[in-house]
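Alright, structures below, take your time with them.
Each of the next two complexes has subunit A plus one more chain, namely subunit B in the first and subunit C in the second.
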Partner chain A sequence: MTTVAGHAGLSRKHFVVQPSLLQQMWTSRADYLYVLPAIVVMLVVIAYPIYYTIDLSFFKTPPGLQLRDKIFVGVDNYTSILSSEVFWRVTLNTVIWTVASTLIAFVLGFGSALALHRDFAGRAVLRAILIIPWVISAVAASYIWKWMYHSDFGLIGAVLVQLGIVDTQPNFIDNIYSVLPSLIVVNIWREFPFAMIMMMAGLQTVPEQLLRAARVDGASAWQRFWHITLPHMAGVSTVTILLLAVANFNSFIIPWIMTGGGPSNASHIWITHIYELAFGRQRWGVAAAYSVLLFIILMSLGYFYVRALSANEKKEQGA
Partner chain B sequence: MTSASQISRPRSRKGVDGWRWTGRFFLVFMILYTAIPMVWMLLTSIKSGFAAMQFPPQWWPSEPTLASYQKLLDPQNSVGQDFLRFFWNSLFVSVCTTILAVLVAVPAAYAFSRFRFPGRRFLFFAVLLRNMFPAVIFLVPLFILMRVLGLVNTHGSLILTYLTFGLPLAIWLLKGFYDNIPIQLEQAARIDGATRFQAFLLIVTPLSVPGIIATAIYSFIGAWNEYIYAATFLTKNDQLTLPVGIQRFFSENTTDFPGLMAASFIMSVPVVVLFLVLQKYFVRALTEGAVKH
Partner chain C sequence: MRNFRLGRALAHGALVSALAVSMLSTSVNAQSVDLSKWSPEYVRSIAGTEEYDTGELCGNVTPLDYTGKLSFWYQGVFEGDPDLLRQYYKDFFEAFRATYPNIDLQEQALTYNDLLDKFRTALLGNAGPMVVRLQILGGVEFASKGYLQELSPEDVGWKTEDFWPGAMKSVMWEGKAYGIPTNNETMALIWNADIFKRAGLDPENPPATWDDVVAYSKQIHDNLGIAGYGLVARKNAGNTPYRFMPQLWGYGGGVFDETDPNPTYSEVRINSDASKAALQASYDMYVRDKSVPVSALTNQQADNQPLFLAGQVAMMISHPSDYNVMLDLQAKATGTDKEKAQTVIDNMRYGLIPTGPDGKRAVVFGGSNIHILNPEYVEGGVVDEAAAKAMVCFWTSPEWSLKMAYAGSNPGNLNGFKTKWMKERLDTIRFLDVTTSMLPYGVPFPTLPETPEIMNIIIPDMLQNALTGAMTVDEAADDAAKKISDLKGGGGL
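So, the complex of A and B:
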């Protein structure tokens, strides 16, 4: 709303005659000075690496990363990825990891936001406690949970044994079947607070009058939630889910610190796999080719992200 | 909210109560899920190494001891020396990153919020898109770049890279704040003879202090917790930041769980305290960009 007013106020001169793009750019040359520092930093540390990664993916580079000795190999790096069995294993893991983490974190976050929406004594304290996991370092979180899952002295196993649910300490993260779910639990632990904060803010925008009117008309709690709250939350939910999905797709620290991708690749996801290929096995070309593929996937995700954000922005300007 | 709940009281008690109980059970579950690992970290950190390695575990430490903390914070022994240096390195890198991020993000966010220069939308989304890409994609080329710039094994390499991943978020958060500051204030200042830059610096900047605080907290926490660049760019032991330092240290002492938990706790203290003290700004900033009031 304010932006529309600003538009008319600060740059009315632009509308007197329709100037060409270059003229427009020249008139607003001072504006660019404000964004210049940010753009320069971005260019150096983003555009250059992207160009470099694409370049590297068509070469075979020796382990020490001596760039003079690289050999052009065409698309060999790409074909070797797509034909390897590990690739499909890792891709499946990544899909499970991303989808499960995102959906469960979102549901838990939304649920917590709803449960904390109504004012009650101690609400602020509970909210603060629930947010803490998101603030602390992922490295610390990984070690805390690694200790919780410890195969001899871990708390979770000990409780299960004491309750008589299992006979011996289960081995959560050294087992190819339970490792991925166990790590997802840790990831959700760190991420649901983000969804909670976003959804709490979203809940504030649901008009109270509407809910009250519906209540007067005899709508049940569920009907009010389904027909009033939920539609109002659509925009925030889209942005939250997208941000969570991207963050989960990009996660590295939790699997890397807790298992390093093992046992036998059962907890390798794309990012940890790329890291291992590059800095572990020094297969720079293959790692770069992986990065380019990842890049393409993220760009398509990014398309939806930008669309969701612009939809929000348009709504704001239309209002 | 309070007024609404008072009004609702006489009506449809049964249905509402059912949902309210569901909400309470759910909250209890979430609190347990959230708090148990943190409580267990604290309890383990005050046990001796022997007491931590027992089955069934000591639910409550029988002989609580602060030995692990003393070891980590004592500058006299080698462990404490390393740990304190890591702590100092983390602090230095995080503070530098925060200051630079705010300095660069403030004018950029203001411009994105107020000015209508061609390419503004494109540039804004280009900046946002940076957030989508994982550090790993940038690692190899950035490593080469740092080698060219002679920044490998310096804190400069970390500050420069942290700046880039901190900036998009900072710009996005601050833009949300500027969008909500009425433009009439600047227009009034302009009529009174202020230049555009004066209006920005003297009128808008003081009003956006909450946003700047929030942005600073985010940059600080992001830099404090960062692991992957630090693990790649730094190899010398005396340069390491806390996350990497702790990892290196405990890959050698794999069974010292009380020490590990104490280190995790100390590493979490600055960010958690910062968050608790400035919670209001923190939560508001994140949601300002996504939700329009």
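So, the complex of A and C:
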């Protein structure tokens, strides 16, 4: 920082002159050089595809034409999408999928983290077991769940029948009303360990002396959780929820493998629908327009994610 | 053992159909085998009458000492295929490498449901293979876009007359040929005679009509509590159109006018009364009678096979290879499951596909075609033409087009029916007579670039919309008709 001696009677700090942006960049030129390769790679593999996708979203790509012969249609793809009944149904599915998966996985993960934060016999083993759904292949898990849900011979249905809870094999994934909740259960099962790990890490940052002092002062367990633990976990909770939300918006494997978006589009979410439009039906232009809309939503979530991270950093610096 | 009423069915078949006429009449006299005489007896009479030396024949197209490089993608075996077929695929590539030792072959197998998506993606990046073997409904899409080279049987030493006229239609675009059929098949109705007997049905007589299938399925379900018919309505899976279209055509319906002798594909008929009757039959089985697997909406045929073997499905439509698949699955079973599976195999019967109410019998004329790509869409921008033709010649030869279709299909090259391997096949593959008897009833898919989307997405969607109650039968058919019209018009989502 450059300081200049100034007017008599004023303290030196009022005459601090900020270096220009270019000067700052020159001073930090070595740092820029270090990150330059990463920036170049990002431009090639991220910026260009984004540009190309936006460009493609203004073209029509009929099945009988090559992509290079695409026809310019302006914003027709966007208006077609927004006026399409399927779009709104898929969007509703996506919102239900994302909100339900994110919140329930977070609550379960937080609860598990709180339980495992206490010291008890077998804690390490239990923690390892609970992490299994997160580490196994999503493809393998999807096939296993598909067979467990099988509408004629599924294990879950058979157990329910054996226990006398239901009379006949329940229809989990071949029914337009039960298919989405059934897939959300699988997704939560896959994701809650991630929330658990994040929250377990967050719990390490809650000051133990504060909790002890509150206990000495007669605070109940709920009061300690509500007034001490929860405020300290706000930052990591926000980040966890945002990461889960972004991951869920981008989900593909579970719904695609288990149902392919069916039956009757009842389990299509945005990504599976975009995939089908592009690779199954070759509507590259429409799929690109869908992707642009999804990109805008995800960028908004990304903005909040960065803000949450920045707020955390400031809070930590303040502490 | 011949448990199907083949003679009677064929006599009926002789009277039947504009369908058969459409398949046969175009060039009956010019074909390498006389299709007008087509019957199990005729097929047996020509089997083993000719010998072909593949190396010598293909050596005339590409010298056997030719040095080159070839990339090749093909629709390979998948979980629903018998082990016998896996062995033939292995043998094929060994034989090709032995015949052309200086061609550096890089082959890649993809499953039926993955091949189109991956091939399309590769083409967008100009990273396709030099040669590709695609399912029968795929070729026109790529020919119309200019990805494929013109390629006719004469280019690799064969004659157009060596192939089924219906199969040649599937490689034609705007009057030019863009590929050669490797194999062609039609499916048959398979049933479990023991289940029929226990359900009070004649164990040796399959349902004659699609209405009978609905009635039999209900009777089996009501009496035994198991699925009567193995309905398949999964989206993005070739199994669905192969099983629904025969029903649709049988009732007199169609997507367009594809069952007419000279189809124009200009009029959408998927919401005609006849088409709706076919959809209603599926609705009756799934919703009204609940006589088919509930999992039909997520199942494909590979899921039905174990159900059939477990005695939980009484009827299904499939290839002759399903008998071998059952043997393979039975060999892997243990304990009492093995015995139960053997009982099912002993009671397995094959019959002709049922007719519609007016006696119309139809089946999908299925199979695969082999194509050579234009160089600009191939990785590296070069196609080794001689190596590519060597592969095409080899696969479409009488010998290998038969061997590669040994258990599940039929040779694309009609001369394959004359080889000693065909004779051997007739003696070893049970029920082959039935599926070869169905060939004249075969109807090719519409030869349009839009056909893959219609068959793999719009038709299954229509079924799912009706069967889940998301739409009525009428609404589902009308919705499908609108989608097809929009698609043909270059629009729609």
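We take it that the second predicted complex is superposed on the first by the 295 of 319 C-alpha atoms of A that agree within 3 Å, B and C clash if a C-alpha of one lies under 4 Å from a C-alpha of the other, contacts with A are read in each partner's own complex, and residues count from 1 in each chain.
Here is the rule we use: a contact is a pair of C-beta atoms (placed from the backbone, for glycine too) under 8 Å apart; a residue touches a chain by one contact, two chains touch by 3 or more.
Keep in mind that this is a model prediction, so the values were computed, not measured.
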item: Which superposed partner A:Leu230 touches (first subunit B, second subunit C, both, neither); value: neither
item: First (subunit B), second (subunit C), both or neither touched by A:Thr53; value: first
item: Touching partner for A:Leu301 - first (subunit B), second (subunit C), both, neither; value: first
item: First (subunit B), second (subunit C), both or neither touched by A:Gln169; value: both
item: Dominant toucher of subunit A (residue count), subunit B or subunit C; value: B
item: Touching partner for A:Leu108 - first (subunit B), second (subunit C), both, neither; value: first
item: Subunit B versus subunit C as contact partner of A:Val95, first or second or both or neither; value: neither
item: Partner chain in contact with A:Tyr32 - subunit B first, subunit C second, else both or neither; value: first
item: Contacts of A:Val286 with subunit B and subunit C, given as first, second, both or neither; value: second
item: Touched partner set for A:Val86, first subunit B, second subunit C, both or neither; value: second
item: Subunit B and subunit C contact sites that coincide on subunit A, given as residue numbers; value: 65, 67, 150, 152-153, 169, 279
item: Residues of subunit A that touch subunit C when the two form their complex; value: 60, 62-67, 80-81, 84, 86-87, 146, 150-153, 169, 171, 173-176, 258-266, 276-277, 279-283, 286
item: Residues of subunit B touching subunit A in the complex; value: 1-2, 4-5, 7-8, 11-12, 15-16, 18-20, 23-24, 26-27, 30-31, 33-38, 40-41, 44, 52-57, 103-105, 107-108, 110-121, 123, 125-145, 160-161, 163-164, 167, 171, 179-184, 187, 196, 221, 224-225, 227-228, 232, 242-243, 246-247, 250, 257, 260-261, 264-265, 267-268, 271-272, 275-276, 279, 283, 286-287, 290-293
item: Touching residues (chain side subunit C, partner subunit A) in the complex; value: 117, 120-121, 124, 141, 144-147, 227, 233-236, 293-298, 307, 312, 449-450, 452-453, 456-457, 460-461, 464-465, 467-471, 487, 490-491, 493
item: Subunit B-touching residues of subunit A, taken from the complex the two chains share; value: 2-3, 5-7, 9-11, 14, 21, 24-25, 28, 30-35, 37-39, 41-42, 44-46, 48-50, 52-53, 56, 65, 67, 108, 111-112, 114-119, 126, 128-133, 135-141, 143-145, 147-148, 150, 152-153, 155, 158, 161-162, 169, 189, 192, 194, 197-198, 200-202, 204-205, 208, 211-212, 215, 218, 220-222, 236, 239-240, 246, 249-250, 252-253, 257, 271, 274-275, 278-279, 284, 287-288, 291, 294-295, 298, 301-302, 305-306, 309-310, 312, 315-316, 319
